[in-house]
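First the structure, then my questions, so here it is.
The letters A, B, C and D name the chains in turn, as written, and every chain counts its residues from 1.
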Amino acid sequence: MRKALVIPVVGVMAVVAGCGSSTPSGNAIKPGPINIGVVAPFSGPAAEFGTLISAPCYAATDLINQAGGILGHKIQCTPVDDTGDPADAVPNVTRAIATISNFDLAVGLETNTAATTVPLVNKAQINMVTTNGLTNYDTTTYKYFWRLTPADDANGAAMVQFAYNKGYKKIAVVFENNSTDTGNTPGIEKAAAKLGVKLLTNTTIPADASSYSSVASTVVSEHPQAIIFDADPQSTATFLSNYSQLTNGKLPPMITATDSLTPDWYQAVSKAVGTNFIFNQVDLVGSYFSTTTPAFYTYRSALLANPKTHALADTLASVGPPASIYDGINVMALAMLMAKSADPTVYNSYVNQVVTPKSGAVVVDSYAAGKKALAAGKKIQYVGVLGAVTFNKYHNFAGAFAAARFTGSTTSRNAAIMPGSEISKLLG
Amino acid sequence: MSAAPEDAPGSGRIAAPITAVESTESAGGPLLRLTDLVRQYGGVKAVDGVSFEIQPRTITGIIGPNGAGKSTVLTVASGFMPPTSGHIEFDGRDVTGLPMHRRARLGMVRTFQIARVFEGLTAIENLMVAVPQQRSLTLKGLVVGRRYWRSEEEEIQERAWQLMKTFGMADKANEKAGRLSGGQRRAVEIMRALMMRPKLLLVDEPMAGLNPKLTRELEEVLMTLREQGLSVLIIEHELDTVERICSEVLVMAWGKVIARGQMAELRTRREVQDAYVVG
Amino acid sequence: MHLLVQSIGFGVAAGAVLSLGAVGFTLQFGISNVLNIAYGALMSIGAFLGLFMLGLGLNIWVAMVLGGLAVGACSVLLNRGLITPLVRKGMQPFGLVIVSVSAGIVLEYVIVAVAGPATQSYGNLSGATLNFLGWTLTTAQVVIFGIAVLLMVGLHLLLTRTQLGRAMRATSSNRTLARSCGIATSRISDIAWFMSGTFCGMAGIALAITIESFDFTLGSIFLIPMIAAAVLGGVGQPYGAMIGGLVVGVVSSVSSAYWDPAYQSVVAFGIIIVMLLVRPRGLFGSSSATRKLLA
Amino acid sequence: MANLAYIVVIAAGAYTYAVLTIGPDTGNGGFQHYILGYQLPFFAAVIAAAAVGAGVGVLIGVTGLKRIRQDYQAMVMLVISIMAATVIGAAPSFLGGEPGISLVPNPFSNLSAVTGAWAYVAMVAFACLIGYLVLRKFTGGPMGRALRAMRDDEHAAAAMGFSVVRMRLLTQAVGGAFGGVSGALLVAFIGGWSPGAWAYVETLALLTAVIVGGMGNDFGVTLGTFVIAVLLLQGVQFLPQIRSHTGLTEALGWMVLGLLTIGFLWFRPQGVFRERRPKYRLRPDPTGDPSSGALAGRRG
């Protein structure tokens, strides 16, 4: 797939800086709505991801606005296109920082671009709720960095743990050579060593090759009990059909990451090897949250209520990163209320107070409930879709993991739940 | 650039470039000597064992039917292409393995069958560029800048103007060479070669496409140049021209030199006539 | 050993599609002397036309023929509307490369504008798996191989047994001479662009069948191995391109079995560069073709 | 002839700067891998990037020395640039592989975002000024004349005694050093670099800039770069996204880029600004009558 364009010229920078003369962030709140920058790809090959990651933002902001907004201001989601490419993202994000007024929170900043965008946003003193999986942010000292999703190596470890739980002792590992997928590998290797799971082929493939037959052939010859695999939809479909060609249609159980739960992936793979495989042999491993809590119902009904996100409600029901954005926005909004300021340099120090358990605190599961409790002068603890959240000193929180099965083109149901402590032990 | 004296009526106009020609009496012997020159294309021997010498201050012609290997001899002699075997000596020095630009710097300059000018440069720039070792092209020239090479550049310009005037093309000097007519391009190419102060000029059918009057004028130029010390090796189809200007003529056919001598005498020789008939 | 035999089999299957594309590429180049980088985009157009016709309920093999012809027409349009006028204006080969690169990008994004950037698929058309000689191939791959062989034989007969073929070969080896012999070279050129486009479109659809999943960059990704095949066989040499396609297919397949698969495409790149720099006439090229290549 | 592999030189400079300033790859939790990992000061790294750029430029230039047709040469260049990106992408421990190298230090990291950007622009403007002055030495005056002659006809230039090989490699080295510096400045600003940032299509955009501006005119090239890069590619970002049609806006940007290139090559191949040649004036000379000599003004 074609990447978008970087132009190595001063001109771009000049425009960036030219726009930037006006509004350094971190000032007192200005008239007009508070903006949440959704930093995600809205163009290029990963454009679909931008839509997915915007949905929880719409859900959260709709509910916040219904509850009367924040400190008399409406709140709204503003897309910031990072194009999915770390180099392209920089001018766009820099411009957004300089031009968007009341840019007080950023969400998204996914794995492919996080390495360049997170430092920018942190430097601009804007709070962020990021869904990236880079392991280097496990121990970050960035003040404005907040993450409610696990790093990729934890996800890799969870995949192996799941395989181990299912009784698979010989696994092949095939990943596409991109940042997300290669980020899983260290976790897989550590976990496999600890659990005594044998890794057979452990290789990376390039995207969009016209044939993966030879790789598939190598994998087939080793008779794996399961295959841990993650690649873009097109490459996945080609690989699987090459594989089934060698085995007369027999495919091994496949363990992949929850980010494969997209219409594109479903379409490509179902056309190549059929829906039977998808429904019965694919396990999607990712972070877990319960779908029976009141917080989840609120989240889901907000998604259903907005025509922009209506169609995505079921897809998002079991995917961690969007839920973490929803929760993150609520936490930040409540922190603004407590701080009586939307200025990140002020409200940032209130974030932990919103989530930490304390005696006498009212447990709230939505912004509206939290706002009411705060107005009544009470202490609060936000327990949202992800459940109770506790940030470590690096502003990271990793909850439990689960494996899910497809139930439709974009929907899934959780099957096996793995506690977060179990996974972090594998990485230790 | 020394003055151009109007001392030779009828040929005075081209006196200027000739003083540019360096002394050619350096080595004493022949200026150019080809020994057993062979050039193969695939399995075909385009040049098949050619040997000859060119003395200083002479105009030597090569004639022969199409495909006789005339242009190949010139191409190989100039270093544009290596010979398959054989030796080339220039001014007492073996230049067989030397690339074309090195030979050009030694004083052996060629023109092309179809005149090749630098189309993006103006006519006068075409001339001025033809001084490969000018100071402005050295590292020192780049670093120190204009004051290191200004006087030399002015001298080059002066010389170029002299040639332009001599060839009557001063009014075209600032015209892009790509817009010049065929004859004017030919003139630019020859002037450009003269800018290099060559000892030996290798020219391939310079008269092709020129009208008779122009042909005569060019002949005159070449002869005056020879008087001033230049040697010329010329490939020419027009036998009258060859007869008028060449002191010695080589007849080539099938890649070999089949006869040599004065044109008037050669005309009567049987093998020459045969070669032309068959060719 | 088994892996080697198998990967040779995959290579042959991939090579059949490659040959198809490479022959079209080289045929057009041989006759019109223009390096057409937009060929990849035409291939993607073919794949998307195939998708459209499948949607209309046509049989895939019928769609392959019709799609091929349609792309052939596009190819003629490209030549008539863009390339020929620019050649007449005296554009240099380098400029033409830039033009065809640009045209390719425009065409690709026309596909995006019409059909969107999403991944597409014909669905599983590969049919039953066949095993012979230690090879494992799908029915579709065998059929495509058969089609490729048929087309090659057809092309061979056309080039050697017909007046048109003789005229084409004459034009390819010396255009000016051919014109002076009374051959309508511009018509021959049209025919060459048409045939090239037809091969291109059919290769695009064949590729879309075997790769199962594709998007608008299908052709440009495939262009490099195709050029490698054409260059290997000697540019302008249809027979060379046939063999070249098979060789490139087998070599990349075997290399990805025994080497890091991430380097799979590097093999094709290497072939192009080494061949052009060391032996530009290709393995099967004649020296007259070489002279075309040398400046 | 424009060098279609120029983007490789820019990339080489960017990677050089990155691995020379970023520090060992065990830092930041060791999430990325690359060679070297020194922590050289900014200027040392930029100079090294220039040197590596020059070296890579010469290497690419060497392949261009082979006398093959210019369209084949163009193809070889394109293939080299795609191949380089693929090889780097496939080797994760060499220069970060497909994900690339991130967290490359910015020389102004201790300034605020906006001040830093301005400081950067000032620095880049200064670098451009120096670059322009150096370039003038090459494109103006006798050197530019010689280079132009070589571009027009290498054989004739060789017949004039020019060592085509040496001059070509010299220009490649100078061009390479420029590319290396621009890569270094770019990566220091962006903070990250990956094969996706130097795909061959980026070369097309650079080329469009050059073609639109006018190939032989320094000012034209600069202007073209601004017009194309800023107005077109960045301008597209300001257009409203057409929601029902993902990717359409982006596709339009690319189509405009392609059509612009074709349109200029068709209607105005010399670009907005023509190449200008200096005019020389004849000194007053009483003996010469400019139009009377042999071969004057006649058609041959």
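Heads up, the rule we're going with is that contacts are C-beta pairs under 8 Å (C-beta built on N, C-alpha and C of every residue); 3 or more make two chains touch, one makes a residue touch a chain.
Every value quoted in this text rests on a predicted model; they were computed, and no experiment measured them.
Contacts with chain B and chain D are shared by no chain at all.
Chain A and chain B have Cα centroids lying 75 Å from one another. Chain centres here are Cα averages; for chain A and chain C they lie 41 Å apart.
For the pair chain C and chain D, the distance between C-alpha centroids works out to 31 Å. Centroid to centroid, with C-alpha atoms defining each point, chain A and chain D lie 37 Å apart. For chain A, residues that reach two or more other chains under the stated contact definition are 2, 47-48, 177, 204, 206.
Across the assembly, chain B contributes no residue in contact with two or more other chains. For chain C, residues that reach two or more other chains under the stated contact definition are 117-118, 260, 262, 265. Under the contact rule stated at the top, the pairs of chains that touch are A-C, A-D, B-D, C-D. Residue ranges of chain B in contact with chain D, taken from their complex: 4, 6, 13-14, 78, 80, 99-102, 104-105, 109-112, 116-122, 124-126, 128-130, 132-134, 136-137, 141-142, 145-146, 149, 153, 157-158, 160-161, 164-174, 176, 181-187, 189, 192, 196, 209-211, 214, 217-218, 220-221. Looking at the complex, you find that chain A touches chain D at residues 2-17, 20-21, 24, 42-44, 47-48, 51, 79, 81, 85-88, 90-92, 94, 97-98, 112, 115-116, 119-120, 123-124, 134-139, 177-179, 182-183, 204, 206. Within the complex formed with chain D, the chain C residues making contact are 34-35, 37, 82, 85-86, 89, 91-99, 101-106, 108-110, 112-113, 116-118, 224, 227, 260, 262-263, 265-266, 269-270, 272-273, 276-277, 280, 292-295.
Interface residues of chain D facing chain C in the complex, by the touch rule stated above, are 1-2, 63, 66-76, 78-80, 82-83, 86-87, 89-91, 201, 204, 207-208, 211, 245-248, 250-252, 254-255, 257-259, 261-262, 265-266, 269.
Across the interface of their complex, chain B is touched by residues 137-138, 141-143, 145-146, 148-149, 151-153, 155-164, 216, 275, 277-280, 282-283, 285, 287-288, 290-300 of chain D.
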